[in-house]
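Both of the next two complexes hold chain A, though its partner changes from chain B to chain C.
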Partner chain A sequence: MALPQIKADATKDRLIGMAMPACGAWATTARQDALNRLIAMGLPHKRDEYWRYTDPALLVGAEVSPSEALRTDTPIFMDKDKVRLIFVDGVFDADASDDPTLEGVEITRLVDAQAADVHWAQGLYGQLETAGQNPVDRPLAIMNTAFATDGVCLHVTGKPSKPLHISYRQSSDASDVVLHHVVKLDAGTELTLLETGTPGARSNVVLEVDVADNATLHHVRPQGRAHNRAVATHLFARVGTEATLKSFTLAMNGKMTRNEFVADIIGDDAVVHVGGVCVGDGKDFHHDDTVFITHDALNGESRQVFKKVLRNAATGVFQGKILVKAGAQKTDGYQISQSLLLDEDAQFLAKPELEIYADDVACSHGSTTGAIDETALFYLRSRGVPEQQATTLLTLAFLAEALDEIADEALAEELRDRLEGWLARHG
Partner chain B sequence: MTALDEVQVKDGVDQDTVDAVSALSGNYKYGWETEIEMEYAPKGVNTDIVKLISGKNNEPEWMTEWRLSAFERWQGLEEPTWAMVNYPDIDFQDIYYYARPKSMEEKPKSLDDVDPKLLETYKKLGIPLKEQAILAGVEGADAPPAEGRKVAVDAVFDSVSVGTTFQKELAAAGVIFCSISEAIVNHPELVKKYLGTVVPPSDNFYATLNSAVFSDGSFVYIPPGVRCPMELSTYFRINAENTGQFERTLIIADKGSYVSYLEGCTAPKRDTAQLHAAVVEIIIEEDAEVKYSTVQNWYPGDENGKGGIYNFVTKRADCRGDRSKVMWTQVETGSAVTWKYPSCILRGDDSQGEFYSIAIANNHQQADTGTKMIHLGKNTKSRIVSKGISAGVAQNTYRGLVSMHPKAKNSRNYTQCDSLLIGDKCGAHTVPYIEVKNNSSRVEHEATTSKIDDDQMFYCRSRGMDEEEAVALIVNGFAKEVLQALPMEFAMEAQALVAISLEGSVG
Partner chain C sequence: MLEIKNLHVQLEEEDKQILKGVDLKIGAGEVHAIMGPNGSGKSTLSYVLSGKDGYEVTDGSATLEDVDLLDMDPEERAAAGLFLAFQYPVEIPGVGNMTFLRTAVNAQRKSRGEEEMSAGDFLKEVRARAKDLKIDADMLKRPVNVGFSGGEKKRNEILQMAMLAPKMCVLDETDSGLDVDAMKLVSEGVNALRSEGRSFLVITHYQRLLDHIKPDVVHIMANGRIIKTGGPELALEVENNGYADILAEVS
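After this line comes the complex of A and B, so read on.
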């Protein structure tokens, strides 16, 4: 279908004044290709099917809606020994970061990789993103490929002894950040990747992840706590034979969050788990999880576990899909999206989809929405637990299934404590 | 005509045997054609055709205007493409929009005046228009109930209603049951008040087209406090080639009334696809209840996907009054392409909507069907049970919306949609939309997709059933929840249909 004129015009207007960073030949080609694709596709509009519940205006507009920068880094995962790579307003800060060497991982800054004439990232940058455009348009990710200014390329060749931590800091109230990371796990390798903080007042972050046979990636992402930030993230993954990808995201604040997770299972016996918890308070909180998992191999296992706690007119959105291609027999797909609405005005909008072309599979999805269970609350109160504490207890129990998706118990415990703190503050 | 069809018209033959044999030979048993002299409007659609249809029905001017404004709007609309169905472009100018048997030129005064060929057609379909106490689905089974169950039938043949049974008896109870063309002439105040209030002429592409060119359909009005003394039913038959059938049904259940309404449909086998675009509107006032059951058995096309009916239907019930209730039950086995979402607007406080569906798609059939539950009133309840079965290279999609508006406090929805795949070339899809805008409501949705359990299959086989019997049994068990919601007349037919539709899909 031809692009509607109104969309073509809006896209053209938005692109005025945007410049692609200077790069080596391969990267320039990839970026130019992305720009052409973006012009052909157009930027998202709230009338698009995949934006029916989330107005993309804050994410695509030419103007950045300001968000007050938190001057201090969020202290998180402090007990964990790790290598930290720090980005301030979307620019890598070598001085603040740890020494970027870790046995088993080759770490290159995106700008350096793209300045080179030849780099392994060539095979992935914009490639998984392109594959992830079918059948659903993801124009913000294309825009990212074309205009990303920084990021990191990780080539995992072994099993590093400690996690790698990408830590974002915001220093300007109006920073508009476009970051693009590329992660390549060789066969049999393993990495834990932590991603924390608020990249900018507005940010667009893309992660392309290639998990080769027998490799494992754990990804844990507590998103920044700045109240008025707007963020769009995309994680594009390709998962090989007997490989494992587990990704978990926690969002506690933010005006607008759109997290897209797109995974293609191309090898047999692969495992993909994606989980998310969001807790939101106030009418300025809008959180959208959009997930698309494609099974194109035998015996695949996928789980989508998303839980939301919403109050004071906060809005939660879940759009999930399991696509089982013809021949992807013995697939085990599971999808659950639940929300707990703590008061009358909160809303939850969901579209949990299945599309299945193989007969010997077990796929299930569930979605529930409702208030806190009065009977359980009454029980706790009758045992002398104060109301607020009882609510917190029940809410944490509700969130537990999603937190269980985090393999590292210490990390899970820390996030759980943070949630408890948030619930106490917003009781 | 094949031998099987001849067997079928004989009385006293065990219906199950006929069904079984027919099923094994892979026949669509309603695929024959009635040879009857027809009168057509010229092919295509334009304002003249709209006026002609209106004129044929002797409609008052306001009705003609209503149609013309719908037609004008339709010209600016585009066909929807969001459903997961693929079919060649429809040439809307290559269809006859009006076809009626010549003998219907003079409206018969009573059923005795109706062309015997038409009566014979319905008899052959198992829908006797002679006022009999029972419906053929039960015939040949056990003895009919002592006092005899009565079902009033409105028979629609291509573009016109052939006749409506039991009108006198219904009139005595105050019930109006007639064709919509008669209602427009005889009860204009009711039609004017309600037509287009649930499915407005601007609703969607097919509903707008229907508003412009609908030729006939059924009209039901149940006065306050009346429990309709018998079940009402409409039987739609497409007979003529290259015609589209556009019927319109309007059901009004006034305060405290009750009616159960059945709908059946079949068409002859043809190589070219035919269009059927109907609109059903139901208005349910305070404390009233309507049950609407459909066994949709349009010709599905042959095993290569040639021919068949494109069934693009808009059905909606508006529970206007408090404590009103509607129940949709559908068994979808026919049609090459189905696009159908019987919906409930739960406007009145404490109103209830239920939707039970079995959709079976075999060979090249494509079904995109489901429901919408729009909760507007307080304490409203809805329940959705949808079972989709795919075989051959068919695609079966459940598409539904559950919407809880901010004012729909304390409302409940439970949705269950399951899909069964038979064979590795077919597809089953689920596209639910859930919108919850208040916290005292509870919405639950679950869905599973599975294949027939090997253990269940083994168990049945070890008890001496052959593979097809076993599949039919397991599928019947799977679909039981829906089948149980059907009125008795349909339950029998539906169970047989389940077996027939899945024929040939194993092994």
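After this line comes the complex of A and C, so read on.
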């Protein structure tokens, strides 16, 4: 089917002025392939089924809608011993970063990996993204593969003693950032990857993750709090036998967020947990979690746990799918998406989907929208807890199930504190 | 301590009068009981005193130590010293019992301009009080009232009362859903809190509870009014003869 003219034109407009970085042979091939795919597919449009609840205009427009950089963002996870890789407006800042060495991980800047004629990232860069295009188009990720200007390649060969921290900072109010990271975990290895902050006024970030047999990746991502930022992220994962992938995202503020999580379980007995909390206040807040988990092996376990707190005409979206392929027997799939609307103007749109071709599986999904429980609120107030504090307590209780998805309690506690602060400020 | 004058209350949603002129005066250290048939307005009285939404006061007043209760938010009434033990204590998933207790204690202290209780002092006190009520560590850790039996919920109410040390305690059918042993335990908890500066209003259907928590004064409520007041013997009369005689006598 030919691409509609409107899409072809919009895609052409967006690509004006975008330059493909000079790379070695393998990377140039991967990027050129992506560009061809993008031109054939076109950028997303609000009439696309997959973008029905989220207008992609801010993410695909030729112009960046400016977003004031946060000058006073309190650093997060400061108590945690870690190796920090800092990106300012999408460019790696070696001086500000820690020494990029950590036993058990080979850390290479994407531009260096791609300048080389041969690199292990060749087998992954754009590959997991390409696999993730079926059965649903994810053109923003293709654009990312073609035009990413920076990023990091992590080859995990052991069990590093501390987390690796990709820390984004925004300095320009009009930065338009495209970053692409590749993470390869060898069999039996384990890594905690922290990803924090606002990459740019507008950002497009792709993470391709290969979790080999018996390997474990913990990914914790508190996204930037700049009020008008727009961000699209994709996490593409391939998960092997007895491997574990756990990813959690916290979003507070921001004008537009679309987080896509695409995981293929290809080995038996693998575990994939993806969770997220977002809190939004105001009509300019739009947050979309889109998840697609494919079970293509025996005895896989997947969990999707998403909670949203919305007020003052904020909008939350959840599109979550569990696909169980024929033969993926004994799959245990769980999906819950819930929103707490603190007033009548806020809205939550949910599209939970199950598609199952195996006959011996347990899959469940649920989606709810509700308000604060008035009976519980009165009970707390009757004990002397002021209304706003009681509301915060009940809101945090609502969010607890999602925060429980984070294995590291210290990290979870810090995110909980941030949420408590946000709720107190927005009471 | 508590003085209620000519209190008239109707439901906000519908034009239905529930309380039709309640007069009640409870002195410091006194224990009063209110008995009455179903639908007489007993529970409504407890909700109106504690500030629950959905009720409209159309006439009359209620004061706690001469301070107008009816103008205050529920949390202000609590800080002023009012406590309602719920007939149906509310389950709050996700909020730990201990967190809840500590938040409540410190919120009240803060609103009275007192210093917050340190974590250590709080823990010591809560453990001692919980032990008296046979509340184990697990119940303190669990979310508020979630998965608690009827008896555990009521004991948890008394624990809150003990920790918050209110001046005026209203017990709304605290005996409902309790077996004999649980009733004894709960009553002992209440009796341990009786003191000169603390008053109680015990709302109940049955004389049985009043065997354990001995009242100074017993009121009979019917059709939104207190129709008869007497000593503990009044409760026995109800137990033996039901409300019919009293209702007939008054009308």
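Convention: the second predicted complex is superposed on the first by the 424 of 427 C-alpha atoms of A that agree within 3 Å, B and C clash if a C-alpha of one lies under 4 Å from a C-alpha of the other, contacts with A are read in each partner's own complex, and residues count from 1 in each chain.
FYI, a contact is a pair of C-beta atoms (placed from the backbone, for glycine too) under 8 Å apart; a residue touches a chain by one contact, two chains touch by 3 or more.
From a predicted model like this one, the values you see are computed outputs, not experimental measurements.
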item	value
Which superposed partner A:Leu15 touches (first chain B, second chain C, both, neither)	neither
Partner chain in contact with A:Ala57 - chain B first, chain C second, else both or neither	neither
Chain touching more of chain A, residue-wise (chain B, chain C)	B
Contacts of A:Glu355 with chain B and chain C, given as first, second, both or neither	first
Contacts of A:Gln347 with chain B and chain C, given as first, second, both or neither	first
Touched partner set for A:Gly327, first chain B, second chain C, both or neither	first
Chain B versus chain C as contact partner of A:Ile107, first or second or both or neither	neither
Chain A positions touched by chain B in one structure and by chain C in the second	none
Chain A residues within the chain C interface of the complex	373-376, 378-387, 389-390, 393-394, 396-398, 400-401
Chain C to chain A touching residues, read off their complex	50-53, 73-75, 77-79, 83-84, 86, 89-95, 99-100, 103-105, 107-108, 111, 143, 160, 164
Residue ranges of chain A touching chain B (in the complex, touch as defined)	49, 326-327, 329, 339, 341-371
Contact footprint of chain A on chain B as seen in their complex	82, 84, 406, 409, 419, 421-451
